[in-house]
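In structure tokens below, several structures.
Look for chain A in each of the two complexes below; its partner is chain B in the first and chain C in the second.
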Partner chain A sequence: MLKLKNYSVENVLENIDIEFDTGKTYVIMGPNGVGKSTLIHSIMGRPDLEVSGDLTFMGSDISELPVDQRARLGMYVAFQAPTSIPGLSNFQMIKQALNLKGSELAEHLAKFRDTTEKFNLPKDWDKRNVNTDASGGEKKKNELIQLSLLNKKLAMLDEPDSGLDVDGVKSLVSFLNEWRTQHNTLIVVTHYDRLIYDLNPDAVIVLKKDGVDIGDTDLARRIFSNGFDNV
Partner chain B sequence: MTIDNLQNNLYKEGFVTELESETFPAGLDETVVEKLSKIKNEPEWLLKFRLKAFKRWKEMSEPQWSELDYNPVDYQALSYHSAPKKFDKDEIPPEIFETFEKLGVPLHERDALLGLDTEKPKPDNLIPTVAVDAVFDSVSVATTFKAELEKHGIVFCSISEAVQEHPELVRKYLGSVVPYTDNYFATLNSAVFSDGTFCYIPKGVRCPMELNTYFRINARNTGQFERTLIIADEDSYVSYLEGCTAPAYDENTLHAAVVELVTHDNAEIKYSTVQNWYPGDENGIGGVYNFVTKRAKCEGKNSKVSWTQVETGSAVTWKYPSCILKGEGSIGEFYSVAVTKGKQQADTGTKMIHLGKNTKSTIISKGISFGDSTNTYRGSVKINPGASDASNFTKCDSLMLQDSRALTIPYITSLNDSAKVEHEASAGKISEEQMYYLATRGFDEDDAMNLVVNGFCKDVFQKLPLEFAAEANKLLSVTLEGAVG
Partner chain C sequence: MYKNLYSYPFLETAYQGKPYYKLEELYDYVTSEGYEKHVINHLDRNLYTSLNEHVRDNLIFLRETGLPSHKQEQFNFSNLNKLFNRDILNTNELAVSYLDRIEKFDYLVDPDVLNEIILCDSNVLASETLSKRRPYNLQILDISKINKNRHLEYVKLLDNTDNFSNLTYGLSRFPNVIVFPNGSKERFYKNPIKIKYANSSDEPILECNTTIIDVQYDTSVKIKESIQTRAGQMNYTTYIVRENSTLEIERNSNDFGGWSLFDSRFICHPGSTVKIKFKNTGSSYTQENFYFKISSDVNVELIGRNNIFKGNEYHQFVRVRSVDHDNRSIVDIKNVGDEHARTSFVGKYEINSTSIGFDGQMDNRNLMLSPTANMHTRPILDIYTKEIACTHGCTISNVDKDQLYYLQSKGFDKHSAKSLLIDSFLC
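Right after this comes the complex of A and B.
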């Protein structure tokens, strides 16, 4: 699904090699400030990040593609601190993104309301403006609702659990279990041990200042016991 | 045969209709005013009104206080009347139909235009929602659904016609809100006004359809001086919209209109404008000078006037739709989206004058500027000593892109301690963060910009009649096209 080779992000990460396979779940861990968010936003193509090396998505080199095209190829990022867009309603954004008309519109609105309910968000959520007048936790849930409606093959979630209460985390796990299939790939950046164990990832990737360690949940366990430096 | 003007591809309405027209030679003096009045067959009192105004105009000089910088108008180089030749309202030249069809104005209710509709049975589900008065250059071309409206006692026709058919009404109200001495351009208008819309809604009547006037300037080197007068008698309601376009000529065209609105007890007028006059090319050559005086007098208790405008065109705009809140409990509202790009300049805003007790005003102004343009909001809230418990809420937001200028110049004068005046303002750019967020959702730059700007304007667009909110959205999209980078 996604392949990084000799991949560097100026001033942040150097010469990383990682492969993400279809149908698998990955967790990215690492000390604060090491570049986890930067990594996933660089994959998304954020214009201010200087990237070098190979970046392949579904077999094609995407290093020259603008962000919106990568999104349309099936890439998604859930923001750590989602951006507010006053005057644009949550459902309107989905409607425009998918160019919904006619009966599709009604179907998607129903699905939207359904998912909103599962996350315990207010009934008029479709009319609320994107990430405006919303609590931190509500904004994080909003990122997941969008994921549920947009057709995505690769979801990169940046600390999706932060800001969620205990029920919120349960909903998150339940949602991700439903979302992930043999045909898509999930990458989750998190510090939260419970979430990692509940997700039971196929691999745990630890970003460190001097490189990358790849292991399984045992690696995560050891980090939680001994810290990043002693592993 | 219509010819598409190639000077400005981006301005769709820039085409020209080749038409034989009857145009006065350039120049302005008493005889021109007299000739104008005569050609319209006007009564003596109206000719006197014009001449008084013209005499006054000669003593006045053009205002210099605005932020606007434009080539002076040579008033002697303009023609003050242009009407398509061989014009008989019953025999509308086909070219005019074509023009309006091209512009998307629903003029092809052929039956209504030819006056055949009253006899013909209509299918039950065809309830007209929009009646149109089309003004081509200086003359009202056609007014649809007049018969239908007459059944309710509603008068909706050109001002020229109103002068003939309802002279008492015109005489009573003309100049009662904007006196002929008011300002340079209003005075000029009072002398040479061409045509415009007249509307009277009788007591207790709620106008059953949107009233719409569509203005189109076609002849070169003419000034367009419309005069619109709308009167809502006690307990009545009307929603009115005007749309405007003009071809892409090199010379500047002057549009100096006057709009007067009067509301009696409990009456309401909703007045919306979608303005897309030719803005000039990217070097600032050509374009319409839009110098307009619009004012409402809320004469009656609890009466209400809302001005909603979407301004995207004209080279230079100078207009302040205002409300005189005289009746106790009367309400004035102003919602505006003004977009400037290239070399356009806009100095626009409103004046809310609180005279009566418990009067309320709301001002929401959104300015969007690109390129080298200057976008100024100039607003005045005046609370007179007698206006106890008056309140005003003002919100002015500016969105600037590239090196444009945005200015906000509020004047607030409150002479009554119990009045409440709130003012909020914000200025900013479209953030890169917002553009990136939308890009990650699959929106390209143009679409992302559209979404952000539409969101910015939402408060105002929501106030437009439903039929026109879509048109305004489309106009905004077209205006924004290619505005990034």
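Right after this comes the complex of A and C.
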């Protein structure tokens, strides 16, 4: 689904080669500051990042596409620190993004409220402003609600567990297990062992400045026991 | 207005028959000795004597102070030269009577509209419902018809100022007074009064309204104001909000091709509440000033959302003068400036030494979307007591790049994301 070859992000990452297949789940790990968030935002097309190398999504070169076109192809990034937008309500954003009208609007609102309830968010969440006056955990849950409604093929989640309480992590795992199918791809950046074990990913990718190590859940276990330097 | 009040031949002679006049020329004319003689000789002294003494005093005062200058803080960033050079009189139109104009511009009068008052060149056109309903009927008065005590109070309120109010007052044929009677808590709140400030023509003329809106004791009133300036318009409205009364105003000013100056003065008595929400698109020149004088235990909220684009201008001065204890004030103004827009905000809290317990918050946020836009903001806190809480925040910024990226990453193209952010900003 997504392929990076000789992929570099100026001053952060060099010569990364990774292939993400459809229907699989990947966990990205790495020491602080190595560029995990930068990697997924560069894939999404954040304009201030200078990248080089090959980047293909579903067989097409997307390296020159702007962010919104990548999003419309089915790519999604859940932010580590979601940006607040005062004045724009959570559901209004979904409504505008999908240009919802009539029965579709009612269907999506019902689904929105249903997901909100599953995440134990306040009942008026649809009317609350995007990531405004919300806790860190609530913002993370909001990113997942958007993912559930925006029909995406590739989800890149940047530390979705940070800020979540114990029940929140359970809801997260349950949500992701429901979301991932053989038709989509999930990439999760995390440092949290419980999440990795619960997701049981197809591959664990350890990001380094000049490349990657790829393994399975055992690689994650060894990192948790010995640290990044000793693996 | 002055085309009725002042001698056209006099003006013609003074300016050698030029087809258009400028505000500065008009000012020279109305503050000249010749004009003063004309006022004394030509007006019906029986009807207007007392009033015109004040008009004359005002114009004499104006002659001494001059038109406002950039040195005055409320006009610091405004574009007064542009205003002074506006064409304000088309001589060919002088023969057309006021009523002819009204017929020509039938948008002004809609018989099906209830609860509406149209203020047009010092004339008042009110829906029948407003004058027939009792016991809570409105009193719409011109100042010469009211009793002596009230007259003196109102005239005192229209005292000399150092801004355009003098000129507006001097050029209004007479001030109108709208009185909301005592104790009406629902009648004018559930069914808001609509007040439309309109021009009778879209020719380059100047029309003026001086109005007093008196909200009597224990009364709640909601007013929806619409400013429709097809030509030049100067409005000077004084709102008196008496003890334990509430006044809520929603004001919309849209660009109809004219220009306007609107001075709003609020005299807030103890225990009163004033809430104003206004929206503006600016015009070739718009200046909107709010002057609040608040006594004790008064709550004032001023919320403005202004979207200024093309080459439109919007200049604003807000002054909240707190003279007694336990007052609260929120001033929250947001401006968007695009293309060649020109905006300014000067906000001032004047808190005197007896104004203990004042709680004020002044915010002016500006979103500058184009490098060719010109936006200014200046908060001023002038405080003479320590026992208060007062905050201010004034910013001018571009669209937040993080917000733009966030929305684009959710699938919005750049244009839609930007317009969504503007709408959210102005929300």
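Worth pointing out:
Definition applied: the second predicted complex is superposed on the first by the 229 of 231 C-alpha atoms of A that agree within 3 Å, B and C clash if a C-alpha of one lies under 4 Å from a C-alpha of the other, contacts with A are read in each partner's own complex, and residues count from 1 in each chain.
Convention: contacts are C-beta pairs under 8 Å (C-beta built on N, C-alpha and C of every residue); 3 or more make two chains touch, one makes a residue touch a chain.
Everything numeric in this text was worked out from a predicted model, so none of it was measured.
With the two structures aligned on chain A, chain B clashes with chain C. In the superposition on chain A, contact of A:F20 is made with neither chain B nor chain C. Of the two partner chains placed around the shared chain by superposition, chain B and chain C are both touched by A:L150.
Within the superposed three-chain model, A:M44 lies in touch with chain B and with chain C [touch as defined at top].
In the superposition on chain A, A:Q96 contacts both chain B and chain C. Using the contact criterion defined above for the overlaid structures, shared-chain residue A:D68 touches chain B and also reaches chain C. Shared-chain residue A:I85: touches chain B and chain C both. Using the contact criterion defined above for the overlaid structures, shared-chain residue A:Y7 touches neither chain B nor chain C, since it reaches no partner.
The superposed model shows chain B running into chain C at a single listed stretch; among 76-84, 94-102 or 472-480 it is 76-84.
Where the contact sets of chain A with chain B and with chain C meet, they give residues 44, 46-47, 66-68, 71-72, 76-77, 79, 82-83, 85-88, 93, 96-97, 146, 150.
Chain A makes touch with chain C in their complex at residues 44-48, 66-68, 71-72, 76-77, 79, 82-83, 85-88, 93, 96-97, 146, 150. Contact residues on chain A toward chain B in their complex (touch as defined above): 44, 46-47, 66-68, 71-72, 76-77, 79, 82-88, 93, 96-97, 129, 146, 150.
The touching residues of chain B, when paired with chain A in their complex, are 431-434, 436-445, 447-448, 451-452, 454-459.
The touching residues of chain C, when paired with chain A in their complex, are 400-403, 405-414, 416-417, 420-421, 423-427.
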